[in-house]
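Here subunit A shows up in two complexes: once beside subunit B, once beside subunit C.
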Partner chain A sequence: MATVYVNDKPVEIGEARLNAIEAAQRAGVFIPHYCWHPALTVVASCRMCLVEVGELKDDGTVQMQPKVVPGCQTPVKHNMVIVTGEYGQHQPNEPIPTPLNYPANYGTPGQRAKKAQADTLEGLLLNHPLDCPVCDKAGECKLQDFSYQYGRSTSRMIDEKNTPPNKPYISSKITLFTDRCIMCTRCVRFTREYSGQGELTVLQRGEHAEIDIFPGEPLENKLSLNVVDLCPVGALGSKDFLYKQRVWYLKSTDSVCPDCSTGCSIHLDTNKDIVYRLRPRENPRAQGWFMCDEGRLGYRYLNSKERLMRPLAGPRGQLGPKTWREIIPALRRDLADRAGRSPDQVVAILSPWLTCEEAFLLARYIKGLAPTATLALGPVPIRGEDDTYPKDRRGRPMQPVRFTIRAEKCPNRRGVEEVLRHFQGEVIPFDRVRDRFTAGQVNVAWVTIGASPDRTGWDEESARAVAQAGLLIVQDLFAGVLTQAAQYVLPSCGFSEKEGTFVNHAGLAQGIRRATNPPQEARAEGQVYLDLMGVTGLFQAASVRRELAATIPFFAPLAAGMDPLGIRLGQVPEPVA
Partner chain B sequence: MPIAEKDVKWVEPPKLGLFDYLYVPAVVTGLMTTARHMFQKPVTQQYPEQEPDLPPNYRGVHRLNRDEQGRVKCVACYMCATACPAHCIDIVAAPSPWPDREKYPETFVIDELRCIYCGMCEEACPVDAIELTSLYDLTGLSREEMIFDKEKLLSVYDQTKNSPKDPVRTSAGRLSVASEPPRETPKAS
Partner chain C sequence: MAEFEPVLLRRILKKASPALDAYRSDGGYRALQKAVAEMTPEQVVEVVKASGLRGRGGAGFPTGLKWTFLPKGHPGPIYMCINADESEPCTFNNRILMEEDPHQVLEGIILSSYAVKATVAYLYIRYEYGPATRAMQKAIDEAYNAGLLGQNILGKPGFNLDVFIHRGAGAYICGEETGLIESLEGKRAWPRIKPPFPAVEGAFRKPTIVNNIETVACVTHIVDRGAEWFKSIGVPADPKNPRDPGSYGPKLYCISGHVNKPGVVELPLGVTVRELIDKHGGGVWKGRSVKAVIPGGLSMGFMTAEELDTPLDFAGPGRVGCLGLGTAAVTVIDDQTSMVDVLYNVCRFFEHESCGQCTPCREGTGWMLKIVARIRRGLGRREDLDILEEVGDRIGIMPGTTICGLADGAGWPVKTAIRKFRAEFESYIRSGAKAVPLPLAAVGH
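== the complex of A and B ==
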């Protein structure tokens, strides 16, 4: 067992191979850093993580190195002593550790590191423009945070700052404010090591170093926008989010990206019921640190003005707006009537975009109505093949795989399948029930979609087949072939407007949370099912989840509540990426 | 927290004698005040014929300043909207059409009815683009009329910039932006 002393505090690190930043993190001490990122290689170029290191000798004395060293590049070993700029500052309710026996001529421990941090920041700020008011990063900028915490308030620079021109051409999705760059090269390393194609590079040297692309070969891979998150300052900006909002107005909610079955953990940044951006949330159980551009930019349909806003009902082709108060009893009556007459001809199509809780409630409701009803899994959108990263210069996938964009473009096929398996012993894919629709053997069809219109998985032909059902009830976000043919159209909620659980391709269950209010009269699916069952009160994902865990053995691990990083269900091996 | 008994001091009104109860001294004092004012210069101002003389730091209607080229000086940083306690400023930012600036306000709207004229926006502005003028007689016939957009706020600037009351207060007001060399600071003499 190895013990490391961080600011006098002993930390057991076991057999772990850590650098000084990670070891300090375990001791609850934060070492500021720009260029170091756990997913990327170490370059030790920003010099922000400079710390003092030494060794605790067997006789109890400490031998300190005369110079500060970069913490990211210093592997820790047994009896190593790390002194950071925060030496002597303790948490209010923490016991103060006994000071180690530093050499008498060493001076005050921590002074060297503190001065190194301040000097580094002064150096980084020499050429950094003071345009925080117009910089999109302001408010979440590490340069702002660290200057405030570790830097000095004035600059001694009297010369003119370097002002290289902006480079909006580096990508169709990203713009580079060259003068704000502090040359941490996180973006360059990301494109070389993670996405692999190495589009970005450093031109020039020293003070004139700049990030750039090879002329005519912009940064256009599917993970490109991660460099915007990686950038600790405001040099790389997403063109999608540029100048849309100041970040301090945004409210961040932990959620899950629904655009493929990888199920990346995300932060959902919203303000006043508008989704402004998605950012990846670090989750070693799901995807790691990053997310793909397709998922990141796939939120726009949530803010669309074209969404279905209010419930519609009426004879085919003559739908009129109704209130929920009118529509729920009418729907209940209609369903009971038809299901009583022909219980075999009831089909519910559960979209792989439903949360597990919603699928559970709908399946239970339909089976309660007609025990011989058929529950089918909605069309699963598959686009191309799984896309793995890193790729080589010619775009061919390389091993080991670090990130996978899955071909299955829906968040919860596995979860819905497990619910269906519980209720009828098998999963009936949509293709198997389509013929029944064309043969006119379906009296009641309940169709849920609830997906972004470009990735519902429904084709024109399937929709036309389903439209022949005697009574068609459609829950969706947007109007389409199915809603035109329906007698009941129930506006549903997007993933930012409801609560629930998604199970990804590997059986990892993660919770989504409500970040925005649904538009106008739209009502979350789960709430509609409760209303139909006659259960009063609001839909609470947590209580339905408990019920789900108690009923279906596959979901049993969810009984204890949801973990922020998700809970692995079933006997599924750890995913590769 | 209730006030402790020992902290309470009871004060009795002064006792009035028989002379005071006649009220003659009080009447005479009152009449003397009236008489004194009859021979003084009147303090009443004949508004609106006579305009009041307001102190230079009076906080009236806002204006949006223009730069030397006549463009709006505002860089759409939202500092004023963030500082505003009444939430009366609404800005929509956009990439600027000019090469020397990165961001500018596509729209800039102040609800003058909601504004409490605290001057925090003026204080927060990093480029001295928003200022409160000494225009105090703000009237309108509808609520919509009192919601000032960018053009209206710029026209307030055009109207007030030459008045001695509302000089353009500072020559500062630029961010050090990419393509713009820093300004020379005036040498202290």
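== the complex of A and C ==
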């Protein structure tokens, strides 16, 4: 067992191979850094993570190195002593560790590192425009944060700053404010090591060095927007988010990207019921550190003015707005009536966008109405093939794969399938029930969709077939062929407006949480099912999840509640992050 | 010392032909033949180690010791890189060696490659050295024809070596060991973080030795005449300092700047600056006196006129506050020259050549240039000198704030200039003098 001492505090690191930043993290000490990122190679060039290191000798004395070293490049070993610039500062509730036996001539531990970090920040700010008031990054900028925490408050430079030109041309999705760049080269390394095509590069030398693209080859790969997250300052900006919102107004909610079955963990940044951006949330059990541009920019339909806002009901073609108070009893009556007359002709189509809890409730409700009803899995949209990164310059995938954008463009096929399997022993895909619709053998059809209209997986033909059902109830976000043919249109909620569980391609169950209120009278699917079943009160994903875990063995691991990083279900091996 | 006979310049001073035949008739390739016939590679390493030869490129690292850092029993390939990116300002000794006596250099390359079991040697020559490149290429071609390069050299089975010339594209940083390797690999010459050191993982991720031209030229003569002979030249190790490996052997000193007779002279290590200027450089030009001397290329900092008796061995310049011996290229600055102008020129160089990787160097060199340029324009402040000194002190591998030594070299001239000539800078600032504007072309950076 290896022990290292971070600011006098002993930390057991076991057999782990860590650098000083990671070891300090385990001791609860943060070492500021810009260029280091766990997913990228170490370049040790920003010189923000400078620390003092030494070795604890067997006789209890400490031998310190006379110079500072970058923490990111320093692998820790047994009896290593790490002193950071914050030496001597302790958390209020923490016991103060006994100081180690530093050499008498060493001076105050931490002073060297503290000065070196302040010097680095002074350097970084020399040519920085300090245009925080108009910079999108302000509020979540590492240059701001570290300057405040570790820097000096005044600049000693009175000379003119360098003003390299901005580069909005580097990508259709990204703009570069060259003068704000601190040359950590995270973005360059990302395009070389992760997305692989190396679109970004460094031009010029010394203080004139700039990030740029090669002429005529903009940064247009499917992972490109990750460089905006990687940028510790406001140099790389997402054109989608640019000047939309100050980040301190944003409320961040942990969620899951619903746009493919990879199920990337995300931060959902919202303000006043508007979704402003999605950012990847680090999750070694899901996707790692990043997410694709398609998922990141796939949120816009949530904010759309075209959403279905109110429940509608009435004979075909003569739908009129109704209140939920009117519609729920009417629907319950209609369903009971028809299901009683022809129980074999009830079909519910469960969308792969439903959460596990919603699928469970709907399946239970329908089976409760008519035990011989058919539960089918809604159309699963498959687009192309799984797209893996890194890619080489010619766009060919390379090994080892570090990121996969999946062809299955829905979040919860796995979870809905397991629910269906429980209720009827098998998964009936939509294609197997379509003929029953065209043959007029369906009296009641309950259709759930709940996806962005360009990603539903429904084609015109299928929709027309389903439209022939005797009684058609549609739960969706947008109007379409099916809502026009329906007798009941129930406006549902997007993934940012409800809570529940998605199970990704590898069987990882992750929780989504409510970040915004649904528009007007749209009501979450789960709530509608509870209302129909006559259960009073609000839909709580946690309680339904407990019930689900108790009922279906596949979901049993969820009984103890949801982990922020998700819980692995089924017998699926742990994939390499 | 008086009877010192030039070793490296022996043929050059005689104006001997650089051709292979002439080199051979002067005893050339004798050392190589001896090594191949009688010595194992390990024995060559031992001889070089025993000779106390230290790298001539600037850092003065013991060459034999560097060779022993190679992993034992490595299946290969092992690469030899010869650093001829002689970019340190005022330094031109490698150039003379390559242009005038290329086979001496080549023999050293072959011998060194034999010692470290390298099968490929890359000769990295700076772009500006056209004649040197052509001379070396001619020598390499001759050597291939004579069976001195290629497969089974000199009939020794399994001794294979190919030498390739790689021309740089004009960046100072390519002279840094790992910057050179990056550049050789076709990348931007950003020095690598160490460890791993090149001897473990260098060019193309294989064990690599990087040696200077003059270093490998010395190897030839060490193998030829033995370690004891080499050790009889120069300054022995200080017995009181266990960390001093001594300064042995002959050294090519470049003399430039305000002297009557600039050029390259070969002398035993340890000659004083005064002797170099007065005896070998023909004295300061125009009857003037010395104001400052740069002892070993721009990076080493400045010496004052009072420090001229400093011996130029590996330890001497350090005793008067300079960074080290460097390339032993002495540049004389006469008493009519403004130190403000000199420092401005120095800062321009390093601002232009900083690779831009590490923050302290990238921003520090730029800031120092801006300050010195402003002082020169007559807008200096007293506190600027303190800032210059502080920045000069805090950038580099010695305080631990950068990856490579370029920043030390950028900081050293600035802080030594301010420390040693502070009065001149202060009076310049007080007088509000404005320097003569330089032509735009010279200022453009």
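Worth a mention:
In the analysis below, the second predicted complex is superposed on the first by the 575 of 577 C-alpha atoms of A that agree within 3 Å, B and C clash if a C-alpha of one lies under 4 Å from a C-alpha of the other, contacts with A are read in each partner's own complex, and residues count from 1 in each chain.
In this text, contacts are C-beta pairs under 8 Å (C-beta built on N, C-alpha and C of every residue); 3 or more make two chains touch, one makes a residue touch a chain.
Remember, predicted model here, so these are calculated numbers, not experimental data.
Room for both subunit B and subunit C is found when the two structures are superposed via subunit A, with no clash between them.
With both structures placed on the common chain, the touch criterion links A:E15 to neither subunit B nor subunit C.
When the shared chain is aligned, no partner comes close enough to touch A:E94: not subunit B, not subunit C. When subunit B and subunit C are set side by side, the one touching more residues of subunit A is C. In the superposed model, A:T163 lies in contact with subunit B only, and not with subunit C. Of the two partner chains placed by superposition, only subunit B is touched by A:L242; subunit C is not. The superposed model places subunit B and subunit C at 90 degrees from each other around the C-alpha centre of subunit A, with the value given to the nearest 10.
In the superposed model, A:A116 lies in contact with subunit C only, and not with subunit B. When both complexes are overlaid on chain A, the residue A:D58 reaches neither subunit B nor subunit C.
Of the two partner chains, neither subunit B nor subunit C is touched by A:E460. Of the two partner chains placed by superposition, A:E385 touches none, neither subunit B nor subunit C.
Taking all C-alpha atoms of subunit B against all those of subunit C in the superposed arrangement, the shortest distance found is 12 Å. Taken together, the two complexes place residues 160 of subunit A in contact with subunit B and also with subunit C. Interface residues of subunit A, counted against subunit C in their complex, comprise 42-48, 50, 67-70, 73, 115-116, 119-120, 123-124, 126-127, 156-160, 162, 182-183, 202, 204-209. Of all the residues in subunit C, the ones that touch subunit A in their complex are 171, 173, 188, 190, 193, 351-360, 362-367, 370-371, 374, 383, 387, 394, 397-403.
Touching subunit B in their complex are the following residues of subunit A: 129-131, 133-134, 160-161, 163-166, 177-179, 242-244, 246, 248-249.
Against subunit A, in their complex, subunit B makes its touches with residues 75-79, 82, 93-95, 101-103, 126-127, 175-182.
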